[in-house]
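Below: one structure, written as structure tokens.
By letter and in written order, the chains are A, B, C and D; residue numbering begins at 1 in each of them.
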Amino acid sequence: MFMENKASDGEQPRVGVYVCYCGMNIASKVDVEAVRQFAEKLPNVVVSRTYKFMCSDPGQELIAHDIKEQNLNRIVVASCSPLLHDATFRKACAKAGLNPFYFTMANIREQVSWVTANSAAATKKAEALVAAAVARVAMHEALEKKRVPVHADVMVVGAGISGIHAALLLANAGKKVYLVEREPSIGGHMGQLDKTFPTLDCSACILTPKMSEVKNHPNITLWTLSEVQEVSGFSGNFKVKVKRNPRFVKLELCVACGQCVEACVFKEGRVPDEYNIGLSKHKPIYMPFPQATPASVLIDPNACLKLSRGKCASKCVEACDRAAIDFEQKVEYSEVDVGAIILATGYQLFDAKKMPEYGYGKYPNVYTMIELERLVNAAGPTQGEIVMRDGRKPKRVGIIHCVGSRDKRHHPYCSSVCCMVSLKMAHLIRERIDAEVFNFYIDMRTTLKGYEEFYDRVLHDGVNFVRGRVAEVTDWAMTPGEEGKLVIRVEDTLIGVVRRIPVDMVVLATAMEAHDNADDVRRKFNISCSKEGWFLERHPKLAPVSTFSDGIFLAGVCQGPKDIPESVAQAGAAAAEALALVDKGFVEIEPNSACIDADTCSGCKTCVPLCPYHAITFDAEKKISAVNEALCKGCGTCVGSCPSGAAQQKLFTDEQLHQEIEGVLNYV
Amino acid sequence: MRYLYYPGCSLKGTGKAYDESLVAVFDKLGMDVKELPGWNCCGATAYMSVDETKAFALAARNLALAEQENGSDPIHLIAPCAACYLVLNKVQKYMGEYGHLREVIANSLKAVGLNYHGTVKVRHPLDVFVNDIGLDKIKAAVSHPLKGLKVASYYGCQVVRPYADFDNQYNPQTMDQLMKALGAEAVDWPLKTRCCGGTLTGTVEEAGLRMSYILLKEASKRGANIMATACPLCQFNLECYQGKMRGTFGDSIDLPVAFFTQIMGRAFGLEAKRIGLQRLFVPVKAAPAMA
Amino acid sequence: MSKPKAGFYWCASCGGCEESVVDLAEDLIAVVAAIDFAFFPCAMDFKREDVEAMKDGEMAVCFINGAVRSSEQFEMVELLRKKSQLIIAYGSCAHMGGIPGLANLYDLESLLKRVYSETESTDNPSGTRPLPQTTVPGGKLTLPTLDESVKSLDQVIPVDYYIPGCPPPTPLLKAAVEAVLSGKLPPKGSVLAPDHALCKECPRIDSKPEDLLIKEFKRPHEIQIDTEKCLLAQGLMCLGSGTRAGCAAVCIKGNMPCTGCMGPVSRVRDHGGAMMGAISSLLEYTEEDQIVAALDSVVDPVGTFYRYGVPASMMFRKHKAPAIGGH
Amino acid sequence: MSNLSLPQTAAGNDGFEPRIVAFFCNWCTYTASDLAGISRMTYAPNTRVIRVMCSGRIEPQLILAALRKGADGVLIGGCHPGDCHYQVGNYKCLRRFKLLKRYFEQMGIEPERVRLEWIAASEGDKVQKVTNEMVEQVRKLGPLNLAEPPKPHHQAAVCAVAAEGAVS
């Protein structure tokens, strides 16, 4: 793919240095012109220029032009982070016929102008980094990127709305998709919601068609009750091991007629129903919820007498005329090869018990928002009736925002959906039971399309809004009027008084938070987490669905709180990224692998056990060690431990690093 | 675990009963706890509001003295008075956080030939009884289970806030657990940490009175026949002004308010004088099992 | 045609280097036949004046062994540099500072104090110390002064070639002499020995496991050493993996681990640094405290990894050296 | 509580600006320092970051070279244990670092001059904190000023003579 190498190694280096203003991003702190002049005097430097935006076309043109005209054979660009624009400038060099690896970057933005208060100091630091780059690049050599073919199949982990959407897009594009879901049914949180803001269309009505499309799609292999066990390989060539837990019901036979559930020896439900957040109970054999996909019952092995104690009349078996029930099912493991992986593992809700001042779990009439979602839902435990645990219908309801969000004690971030959810719920409550509703908020955040209008509408519904963080929910009656009520104590910061507002029902808009096991998951996939536990995107602006592991993409809330439209949009983006990868047919491997010089290797075997990828083998014939480039991922551990300097890492050779060290120290 | 006892000024004055009962209980539980030699004022209240730094220096002196007793393992300094407990913890925390303050204090300590490395652990007796001694050992020591005694545990504003980590500051439980262990009934009420009126009673009396009244009223309303406190000032406020409250709110409040250690002592069968029961203004005799 | 003249001088050395010349045995005859020793204080009675009398570059080659510290050594090596066309640093001390180089862990004063006052065998109540000058009846006596640090030869004068080893293996000496005579010499600055590590020539290399991980290090006296098995694999601190070959693995054959006298290969910048990196990487542990505990079995890192090379190492000498007995 | 706030600048060694070479791994610490930039967290300008793919590439020779060539301190940043992008590279780094520290003890190099920190990609604030701490620590210690060994020479001055002389 590259032009002939203008600079054969050994030829006297002719370095071109290009210092970027990056608008004012760099120039506001770093004296760019001074850096240019400084660079000019450095050994081997032939050209030293500045430009407003080096990454722009004219900027790149400038480099190409000099390579041709000035016959440059080494290029240094001092601008932003190499993690951002290395590739851009490498391409520019290649276009001008220079092997792209005769290029290096000095990061004078993220590492200098953006983090340094004092201009003079910033300029000095920038100069040091440029000197290092110039010294280092002289040691660079022409390299070739290796191409490796990729698997066309894609895996999507998590089948909430994000996972479902991504999977469908890929499947419709003709890709084979493995969709892995931990729960017995796909649908995720969206399946539990009643209405969706701001349009108030029924959540189930828009979700279920997509769910059945997934079920029936020829290109989608759906694995429910399944979890990813192990991931190996690399971008384009992942090997994924999936653990598939038994359902004890033959999927292909069950038609979800429900006769088995009827027949179960237990006449009443006995297991708190997850789908209804424990507001109802289901039997050991049950249907997760009416629209569950796959449409099949399953058996909870801990609750089922047959499975837990080994003896039961097994009425369900008799009842099933399709003989779908199978107590013999065991855990299965499937291993598949995929080219890309999309993580859409979603979120969990903040445990309101962590804020005892709000009395959740202590006062029966304190609810979480998701509980209320189930209450108002026609398919919910009360068939859509808003009745409290004590059987009363609330006349006054208080909705507390930011429970666990925007709170240093719990989550500093904004969960971003709660304002709108609370508005939606306030509206539904007014609509259904005409109760008086209070919203207690810190700030109202109704930023997206149609949201502010919805807020306005709810204001006109006569919903009360109190700006202030609620101090406590108590059953202590200070006045006779408060007797038997839940009293919300809050400082109303708009009128500047502390108020006590008695209500019948309190609803807590709990925060979205990362799954407890987010840390294990990210380790499995070798990606990073933000402090809060959200999966970390490669770049907040320019690579929002990519991760630091090539070929692994993010969709939905697992990357950070967002609502349904945003999740779906992001799922689309992730699908497109995955598609771009697997459709290309190959991946190019950064040529930073290690190699061991056969002439100087003494065969001491020190490196062999240190390689995490078993990429180094000892040749018992020649009595030397050798690196298998296909397996090497370029960490350089073997180089760092070779006692005779026979192992070297491309792009990070001893020479290059020692030159860099001298560079940062010698000239400034 | 090696303990030292820092009574602080209140327990040698108005809170004498707290001092007596606590020492008696230590004794009964076979804990060898001697008083910190040469202790001085913890620096709370007036000092803190007049000159914070001096107050910290005062508090630090006590910690430094305690540290001198350090053996192989660090000293646990038991501070029963809520205010002392708060201030000692506060200076402990601030010295860790603010290097500048650390220097100031180090210098003032040097002036009296002392220095402090921050190794002492400041503990509240509630914490020690429940988490070190353990409820089982407490149960075992009970000779007169407090049948029928309905205790409203009142923690006050300082014991569980803001530095304590041994109990939940919104819904503390340790004292309630303790009371249950003594065979009493723990009344669940929402005002466990609401301010008792504190020093207000001495300044804006009716405001202070009202706050104390609210506590006593709610406690009795929830069926309590005694209130347990862990703070000499709370105890004083809640008990001594009940007469005045009757006058002010025309509502008879008559609820004995004892130090939780006195109630422990009672359950342990210690004789009344030893745990200072005679010192209470509102006689506890009325309360079941306390006579 | 006259035989080319050669010199063989010793600075701070133990005499082992001279022994290695004697070890040439019968080959010595050939050497003496081919070259003419113009200066060889250990073996023949030449004086400094004889050297001063020479023309510049009169000697074809001068082998200098021993580290350099005293004013006399400075003068002599500079003189010899002038009189010889080639200077060959001979042996670990001239090459890297050698065992005497370990003195760079202390400052001069504490060394003198230790030697002239403190050692168990010293009886010197008046605290007498050697003086650069003493006047005695009949004139002044002078003694050489000592520099603050021990230096390798090339830290004092330009050196053309190095023959490593403590002492240098005679085959290397022989080869060097032949090269000098034939003029078939490698580029200046070369070490006249193979440029790969000892493992390559080690008779035990096959017994070194490919999955070697080390739990703790043993010292030779602590264990019954297996005479066949890789010494590192037995937990002994063998530096063969990062030390220049050319010694025919004599220590290993003597069932003793390599201590690094031949110095590093040309690609390594700091012998001890490279060895520390390699050996520590092979520790089995991942927990910090376990790692630290395992490393405690490395009794004396400097003495272990820089036994022959403190002056030639990147650190050169101890930083702000405290009084002797520091560790 | 103004009287309790920390003094802004540390005292001592007026005018001395420590020079610190930092080796950061690409996936965690270097990314974190980029994040610090993106989040505009200002910190001491004394560090010069050299990027390596993995802290497993960092070896004693690099650290020694930095100090020899004029650095007053060296900071190493890698992924937290268990988080290494290459699984276990950071452990290799830790092992080498621990042994090197032992060596430095003997060589009289103050331990504060060399520091190893695990900094995850999301911990931009930790880059800021650690850098500032390190700079102040080293500032207190003052310049390193290693004793300079006389430059080794293999001078060619006498080569010509030698070449002829040898064959004569």
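Quick note on the criterion: a residue touches a chain if its C-beta (ideal position, glycine included) is under 8 Å from a C-beta of that chain, and two chains touch if they have at least 3 such contacts.
As the structure is a prediction and not an experimental result, all values here were calculated from the model.
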| item | value |
| --- | --- |
| Neighbouring chains common to chain B and chain D, by label | A |
| Per-chain CA centroid nearest to the all-protein CA mean | D |
| Comparison of C-D and A-C by number of C-beta pairs in contact, larger one | C-D |
| Farthest-lying chain, centroid of Cα atoms versus that of chain D | B |
| Whole-Å gap between the CA centroids of chain A and chain D | 33 |
| Averaged-CA centre spacing for the pair chain C and chain A, given as whole angstrom | 58 |
| Distance between chain centroids, defined by C-alpha means - chain B, chain C (Å) | 73 |
| Residues within chain C bordering two or more other chains | 268-269, 274, 277, 279, 281 |
| In chain D, residues with contacts to at least two other chains | 59, 61, 65, 88, 92, 96 |
| Multi-partner residues of chain B (at least 2 other chains) | none |
| Touching residues on chain A, where the partner in the complex is chain D | 81-84, 107, 109-112, 114-118, 121-122, 124-125, 128-129, 132, 523, 526, 528-531, 536, 540, 548-549, 592, 610, 612, 633-637, 639-641, 649, 652, 654, 657-658, 660-662, 664-666 |
| Interfacial residue positions of chain C with respect to chain D in the complex | 1, 4, 57, 60-61, 81, 85-86, 105, 149, 151-152, 154-160, 180-183, 185, 188-189, 268-270, 272-274, 276-277, 279-281, 283, 285-286, 288, 291-292, 295, 298, 300-302, 305, 311-322, 326-327 |
| Complex interface listing, chain A residues touching chain C | 600-606, 608-610, 618, 620, 623, 637, 640-646, 654, 658 |
| Chain D to chain A touching residues, read off their complex | 19, 21, 26-28, 30-31, 33-34, 36-38, 40-43, 45, 48-54, 56-59, 61-62, 65-66, 69-71, 82-83, 85-89, 92-93, 96, 120-123, 128 |
| Chain B residues touching chain A - in the complex, by the definition given at the top | 168, 170-171, 189-191, 214, 218 |
